[in-house]
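Below is one structure; the comments refer to it alone.
Each chain gets a letter, A, B and C, in the order it is written, and its residues are counted from 1.
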Amino acid sequence: MTSTNTLQEQTIDLEMKMQSIDVNAWFGQKQALKNINIGIKGNSVTAIIGPSGCGKSTFIRCLNRMHELTPNAKMTGQILLDGQNIYDKQIDPVQVRRRVGMVFQKPNPFPTMSIYDNVAAGLRLTGTKKGKNLDEIVKRSLERATLWDEVKDDLNKPGTSISGGQQQRLCIARAIALQPEVILMDEPCSALDPIATAKIERLVVELKRDYTVAIVTHNMQQASRVSDFTAFLYLGSLIEFGTTTDIFESPKNPLTEKYITGEFG
Amino acid sequence: MLSILWEVIARGAPQLSLGFLLNNNSNGGIGPAIQGTLILIGLTSLIGIPVGILSGIYLAEFGNNKYATTLRSINDILTEFPSIVVGITAYGVIVIAIIGSYSAIAGAIALSFILIPIVARTTEESLKLVPNSVREASLALGAHKWRTTLSVVLPTAKAGLLTGTLLAVARIAGETAPLIMTILGNRYFFQGLNQPMAALPLEIWRDSLQPQASMQAHGWGAALILILMVLSLNIIVRLASRGRLKR
Amino acid sequence: MSRIIDRGLEEQSVLITKMAELTYETLALSIQGYVKGRSVQDEVNEMSDMLVAMADKLEGKTFELIARFQPVASDLRTIKSYMKIGNDFARFGRYSLDISYINEKVNGLKECDSAAKDYLEEMSQKVLSMVKMSIDSLRKLDVNLAKSISETEREVDKMYLEYLERLIEEDNTSSKCIISSALMTRYLERIADHATYVCESIVYIVTGEKITLS
């Protein structure tokens, strides 16, 4: 199958907040990603879609150097953040993860911490809370995550005492508290009901004002609702990448067309 | 088990009195034995719990290599070691070679060798029960691995760690065989780490071998005290874990 | 594997095919009536009304499909274009009605000279063939056939402008002929335009490109 890269391949595009250049990834002997070249534009939402096992989660975990935490995981190629390769020898992966935050598929607030402590956790765990007004940061992050009104009187309750949708917004607040530049979301709504999903989708669209968002989703309608750009991955390869309008109105690659119109088995 | 318990209570209860608990043997009490057992538990915990927990942490959080696998195998073997063998080894190494006499510290070290593998294993298992999503959440925020382990994983596994540790302590409180060859047992209050010491299990054993009925009754009393200590440790564990479940 | 939306798409396809047949018949009938001087108004009226009703039905079904199935890519382009094409076909019906009305009122080409008659007959045939071409390319979703309509479109445009020129220059044409033939060429030119729009929609369905063919 042919790859339809609509991006300048292998040249650094400074307009892009993040850029993957010839990224290949393996789990042991199994190759999960083949030559991925994607640019993620700043202050926009980029969706990554594709059937199960196509490598979309693997790709996004390369963007914040979480992929390498899996035993036997390997990656080649470059991933640029503001033009600099985050895999350079002198770059500390821990620092990368403070600039590129992540929200996971299943909400995972810290079970032994209260709501307040969960939001403040990022600052405490990374030792960056010096000289900062935690109360203010917690409030601001919860407001930004549209959770403040619902929990402002219960900040000392355990982080796990709220509903699934609220927990996910708590995780978003926790990620935001560190003021990352990029927020990665790995199927953030899969475990949620439609109303909670709608709230988070609205939040995602709002977040792009201040952050760059990359979201993995297996729900195509969600991708078409929230994203500005869409990348379609299949069996580890990038099949097509373009504006969401183009992809969903007139995709160039017949495989893309098949996938988004539901002709895949 | 209930009949054993009943037997012990029936025969031991009459012995109980403040004097029994505090006096030394010449005055008909088991004070030294109680003190000895408490000192032993204390020393062993001091040595064994930190080592055990740190090993458990290493195996669970940093143990994806062949060193860890070897360590784990050794640990597993040690948990199965007959306690008398531990005793003999401690005798040969510490009593004979290092200190030169039966000593409290030898007993503590011997019991540590029983305690550490258990604590290491329960620690490792408790930590493994912490879902990986919790670790990932912390790492994704940009926390270092050691920080994640310390501030997120350990607190989450707190209950399991506590339970495992307390149960291990309850177990060694009743060990007799290693004590025979290390602290020897006597009728005096604590005289120094490098001196022999009394302990409840030894007291029970020696008393039961005496022909006089009064000595045997003495032994039943000691047995009751020992059982009460172990039972209360178990009850504490049970209450602690129920408290956590309620939340 | 067929999808849930396929049934709805199939129904739309059947409806648009029926409309295509009917609209061609209607146009052919009204044009023939005009050229040969026969009265066909009642028939054409009925057929035109049917076409409008069918277009309404098509539009309703389009919104239902969009609301229920969130179609994307070629499905979306197809549904959207069917609705547009349906409107074009209904428009042909209205033009047929206009033609038959003129026919009734001013007696078609009876008042015109034979040169004019031949000219208008040629033009009508060209336009009918354009409509046929658009219907064929719709049925086969043939992009090349659809694109080839631009040639005939240019010819028809040329004929229209030339005829108007001629009418302006000549002095002795009867007023009835002037009205009748001027309006007729106007209708024919508009029908040709809409046939071209249909072909543009077909190119859009297949390739996603929005082009002009005139």
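Here, a residue touches a chain if its C-beta (ideal position, glycine included) is under 8 Å from a C-beta of that chain, and two chains touch if they have at least 3 such contacts.
All values reported here derive from a predicted model rather than from experimental measurement.
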Selected interface, A-C versus A-B, where C-beta contact pairs are more numerous: A-B
Centrality ranking, top chain (CA atoms only): A
Chain located farthest away, centre of subunit C as origin (C-alpha): B
Intercentroid distance (Cα basis), subunit C paired with subunit B, Å: 96
Subunit A-subunit B separation of Cα centroids, rounded to whole Å: 48
Interchain centroid distance [CA atoms averaged], subunit A/subunit C, Å: 51
In the complex, subunit A residues that touch subunit C: 220-221, 224, 248-251, 256-257, 260-263, 265
Subunit A-facing residues of subunit C, complex: 1, 3, 5, 70-77, 207-209
Subunit B-touching residues of subunit A, taken from the complex the two chains share: 64, 66, 69, 71, 94-98, 101-102, 104, 106, 108-112, 121-122, 124-127, 158, 171, 174-175, 178
Residue numbers on subunit B that touch subunit A, as the complex places them: 64, 131, 133-134, 136-144, 147-148, 151-152, 155-156, 158, 247
